[in-house]
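Take a look at the structures below.
Two complexes follow with subunit A in common, the first pairing it with subunit B and the second with subunit C.
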Partner chain A sequence: MSLQTDKRDFSERTTDGLGDSFMRNAVGSAQDSLKTRRLSAATALGDWEQWRTAGQQIRQHTLQNLDYYLEQLAGNIEKKGGHIYFAATKEEASSYIRDVIVQKQAKKIVKSKSMVTEEIDLNHVLIEAGCELIETDLGEYILQMDDWDPPSHIVAPALHKDRRQIQRVFAEKLGYTDDESPEKLARFARKVLRQKFLEAEVGITGCNFAVANLGAINLVTNEGNGDLTAAIPKTHIAVMGMERIVPTLAEMEVLDNLLCRSAVGQKLTSYITVMGPSAAGDTDGPEEFHLVVVDNGRSDILGSEFNEALQCIRCGACLNVCPVYRHIGGHAYGSIYPGPIGAVITPLLGGYDDFKELPFASSLCAACTDVCPVRIPLHEQLIRHRQNIVKENRTGSMERFQMKAVGRLLSSPALFGKTLRFAHPASRLMSKHGRIVRGPELIRGWIGSRDLSQPVKQQDSFRAWLDKRKGESGQ
Partner chain B sequence: MKVSFFSTCLVDLMTPKVGIAMVEVLVRLGCEIDYPASQVCCGQPAYNSGYLEDSKLAMKNMMLAFESSDYVVGPSGSCVAMFHEYPKIFKGDPEWELKAVTLKEKSYEFTQFIVKVLGITDVGASLDGTATYHRSCHMTRLLGEKETPFQLLEHVKGLHMEPLKNSDNCCGFGGTFSVKMPDISEQMVDEKSSCIIDTEADILISADMGCLLNIGGRLFRKGEPVKIMHIAEVLNHQNPVIAKGGSQS
Partner chain C sequence: MTVLRNYHTSGNNKESFLNTIASKLGRERRHEVRLPDIQSLLPDSYGSLTQDDLIDILKEQCFFIHTQVIESKPEILQRTLDDLIEASGGGSVMISGDPRFAAYGLMFPGSFVWEEAAGREQNIMRAESADTAVIFADYALAESGTIVVESRPDQGRSLHFLPAHYIAVIEKQRIVPRSTQAAAALNRRVLTGEPLGSSINLISGPSNSADIEMKLVVGVHGPLSATYVLI
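For the complex of A and B:
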């Protein structure tokens, strides 16, 4: 899988999402419960707004000094005997990882969920190289078993499925014979996966944050799968987006607090681990450690008008409040990064040719901006994308013409005055019983499901009333 | 106190009664109303659609229209929030930045003005019925005003307020979003309408005409009898008081 998960038109994908009532119920109820849990976990921390500001400042400081911290990280990892590789493109990143694995003559790989490995199309590359690869995050494992169904949420990749669907997948693909209770399903998966951990020669994980002054990485999971993936196989390869770095443990602590509370409404998750190259004399941990730092377009975002998007800590909170995501689901975004943050970063990483509709899939309600723990002004970034799309003439010529006309009309008191006078008589042709029933393309979708009154008559208008009032009071 | 009335293009075109109610309330509270006739639209539809340069024309027209005003008060949290965005949009523009900041500083949404500037929470309104309130996203999140409508509604005699489930969720209007992506918008307004119907309220109140047009249009299409009222109409409403013995005073 790469960044793009579905090549069909946005409208086709949306129709699929809107028609999937099961998925919509699952997403809706997940949003409702996560909202309450997030709020109580946030409130428990004290002044949440101050914590958000701290998170924003840490992320901005790190981005402003990214070269310094990356260099420090690289130096410390190498000092501890680890390897660090800076990949400019997704191809470079996945080839490097493949080469390490080929060199080890490794065939059995376990992976812990990582969005960036999806972005660099790693699974595909490794399977082509003849490896047996197992996703060990329960959600990702379910998706893999279901013929690599794409993830639909940043934190809960299988959010769109319910226990019955999972039971069916396990029964068909793994011979599971028990009922659909989550405990039994999880116990079954754990048994299968435990064997995979023990057999694996290489473990691949993501990285929530790299800690620059330690030469280490921080993993945040609820299932312990990341720790097992990193600790049991002889070789551990961690993959991170270039920007996912903190100066020290102190900043990591702030961000982990914000991450866990925003993502799942927990104070902290079950497993928060800091790991890296093993030191001499360590009795456990991998013998070899590689950290792959992926650029893949991030340098272009750095310092641009979209710089703040790089502050993202992948908590998924914006998805959990987005009313559009609620109804169309994650797959409709056609990207491994769905929801509001996906609508911002997917076009940056994948280009407007394939993703120009995403920035328009928002009512700009700003719920995402409001909830973002590191204060990314998400809705403003969506408007910025729209401005670029308009500047590049990628909107339809009819829309451009209408917007120009409306722009002129709404800035000219004289023209607007004429419109007020003629709006009612003009709308009579399109109306029935005072409601508009026919109309130009622009409003057709709207009046298909909603009633729209005719504009008022000139003599009933607010301005006419004001004039009359002025006349009466003699003002 | 002299107040410049910002009527918004939606009120001008579609719902004059909201403008009238608002003027009547403000006059009753002692304000002198001024109406700069050259005002048109805040520019939000074009701005939010990405047409920055086209939208700036409308914004400049508004800055000039209200240049000599002391206070600018409008019946829409969303349009007033747009005024509050102007300084960001005109940042670094020597001719317009200061005008943008000045307009932002003197602009208020209707309920915000009554509570925060006039210092009044009881306007002497009365309305018998059960109502629920729709928070508009732009008023609560962009303008940052959450409380003033409730502070005023609390004092409306006879009015019982029912809480609205998922009241923070957008109704799906979003200006051009609702015409550009009508299918998604329809599902959003449908869910909002269902939550409103579940409250069993007779009246839906909001401080934003855009949301009311959207939700009201959906409720009407579904044949639901919920009455739609802008908060200015509620605050301008006075039931005839029934005195003891049954005669109307």
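For the complex of A and C:
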């Protein structure tokens, strides 16, 4: 599928998303339930803020010493008889994997969910080479059966579909005859896919974290498909973004706890597995193990002003709190990585030419930054992108004017205060029943589909109230 | 026609790949690194719990992860397991080759045992056709309701995933507060050079998915149900 999922204009994509009321409801309720679950699982851990700090420090330490840990990993994988391949580009990565498979004359491939394999366009390359490739994660399988519909969430890829749509896809493509209950749909998929696992010659998985001092990979899943993908076929190929590595099992344990709680609100997901090349006497698991380490633009982020984006552990929590994601949905980003983290890393991996609008798809409310388990300052990185885009003159003239104006406004408290005083009477001209109905370009996309409250009157604003109070108590 | 590289002999891009990383970080390659002590940042929220406290925490958590917990004793373990197998519809059983089955005098007539001699295809086929798997846990983690198992010649990886029902026997003294303790114990083995199984599985209840409308479905690719038996 590669990074870009939709070549149309950003405005066309968002109009699509905003017009899809089913999708917007589905995304809204998914966000709400994931948010609540995350919160209770995070609270249960005790001191969540300390855990976040630990997560941040582990990620920063590993990134600062990435060459060392990757070298250690490579040595340990090879010591156990596994292969490790370092791919500088996505083409190198996918053609290495294709070559391994073609030389084995393997045709039947099972895959478990992996974002990085989407990024390197692996499915396309393997299907072109004549392989029968099956995505085995339930959500991904649904998307594949629906003619490779792109994913819309990094943890729940088929979030934009309802049960009736899924029932229809299964009926048309697989002859499914039962009703639309999720249990029956899942049982049906289990039966079909069980056969695929048993027949497969090669299994391909992603990798949540590689463990450097052990020479193994860590998979964090719930369905059990990842483990079957790695246990049954005679060849296991795992693919990882080069930054997804931890020094030892102790750091992995901290990150797995942060990941499970932030992603799905579970203390630990059903299956957390540390796996690698087979050991002497093993009676299943791979006879041949390959780990493909992918750069594909990541090293350019390393040491840059966006370095912290590489701390990401792909938990999806920032998507689940984002008001913009809630309204436009995952597909509108036109990238396999949607939401706040997608708006930060997609332009870094794919360039500003195709993705210059994404950093503007944010209200800068900073909910993403607050929730991120490894403390990536997401909204600050979005602002940095905007500054770069404006500096490079890539925006339209109106946006440029607005960005400059907003920039000046935010950097001058006096001006900001004046504007607030002006904003209420000015916005009255554009509003009905306390809701703004017309507005300049900057907010039009936003209010086309949601209510924007009128700014509070100057005398009601918090700052004014605080000043008044200070004055009264003589402080 | 694409020219295929022979991956067994192909020159590896490792050096240039790692050199790029070092240069982007603005320094020479590093061959020694001191790992900072991160664990000391984390509060120990389970400091002084007794064995009974841990059992209570484990039981409570298992309720949330759709896992049945049965308290048994070594003397009646066989009965407990027979009853559980019966209750999930009887059928065929596959056990691991763990010596604890013999030590507790357990026998399941007509069942299969995962064994090195049977070889790959046989073991996988038997596990696929088994209705219930029974195994012994190496550790249990109270907080998350997790059991830890390690692959060995007599206990393959897919034994935990192919049979429809999954029963794990947990000896109470193997319950630790949380994943911290299990990770530390395993990491100690890595540091002393003691080999680990090629797959370490932390299993918390049955397989599940929320991929359809975020509605939880228990039992997807892995087992449809999970039961822990405490002795």
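Keep in mind that, in the parts below, the second predicted complex is superposed on the first by the 396 of 475 C-alpha atoms of A that agree within 3 Å, B and C clash if a C-alpha of one lies under 4 Å from a C-alpha of the other, contacts with A are read in each partner's own complex, and residues count from 1 in each chain.
Throughout what follows, contacts are C-beta pairs under 8 Å (C-beta built on N, C-alpha and C of every residue); 3 or more make two chains touch, one makes a residue touch a chain.
Small disclaimer: the values here were computed from a predicted structure and weren't measured.
A.B. asks: See if subunit A has more residues touched by subunit B or by subunit C, and give me that chain.
C.D. replies: C
A.B. asks: Using the superposition on A, tell me which residues of subunit A are in contact with subunit B and, in the other complex, with subunit C.
C.D. replies: Subunit A residues touching both partners: none found.
A.B. asks: Would you tell me which residues of subunit B are touching subunit A in their complex?
C.D. replies: Listed in rising order, the residues are 7, 9, 11-16, 19-20, 23, 35, 37-41, 43, 45-52, 54-55, 57-58, 60-61, 65, 137-138, 141-142, 166, 168-170, 172-175, 177-191, 213-214, 216-218, 220-221.
A.B. asks: For the complex, which residues does subunit A have touching subunit C?
C.D. replies: 26, 29-30, 33-34, 45-47, 50-51, 53-54, 57-58, 61, 64-71, 74, 80, 83-88, 92, 95-96, 98-100, 102-103, 136-139, 142, 156-159, 162-163, 166, 182-183, 185-187, 189-190, 193-194, 197-198, 213-214, 222-225, 227-228, 230-232, 242, 247-254, 256-257, 264, 266-279, 281-285, 290, 293, 295, 299-300, 302-303
A.B. asks: Provide the residue numbers of subunit A that touch subunit B in the complex, in ascending order.
C.D. replies: 14-15, 18, 32, 321, 323-324, 326-328, 360-367, 369-370, 383, 385-390, 395, 403-404, 406-413, 416, 419-420, 423, 442-446, 448-453, 455-456, 460-463, 465-466, 469
A.B. asks: Going by the contact rule set out above, which residues of subunit C touch subunit A in the complex?
C.D. replies: Residues 2, 4-7, 12-14, 16-22, 24-26, 29-33, 35-36, 38-39, 41-43, 45, 61, 65, 114-116, 118-120, 123-124, 128, 141, 143-146, 151-153, 156-158, 160-162, 179-180, 182-184, 186-187, 190-191, 195-215, 217, 219-223 of subunit C touch subunit A in their complex.
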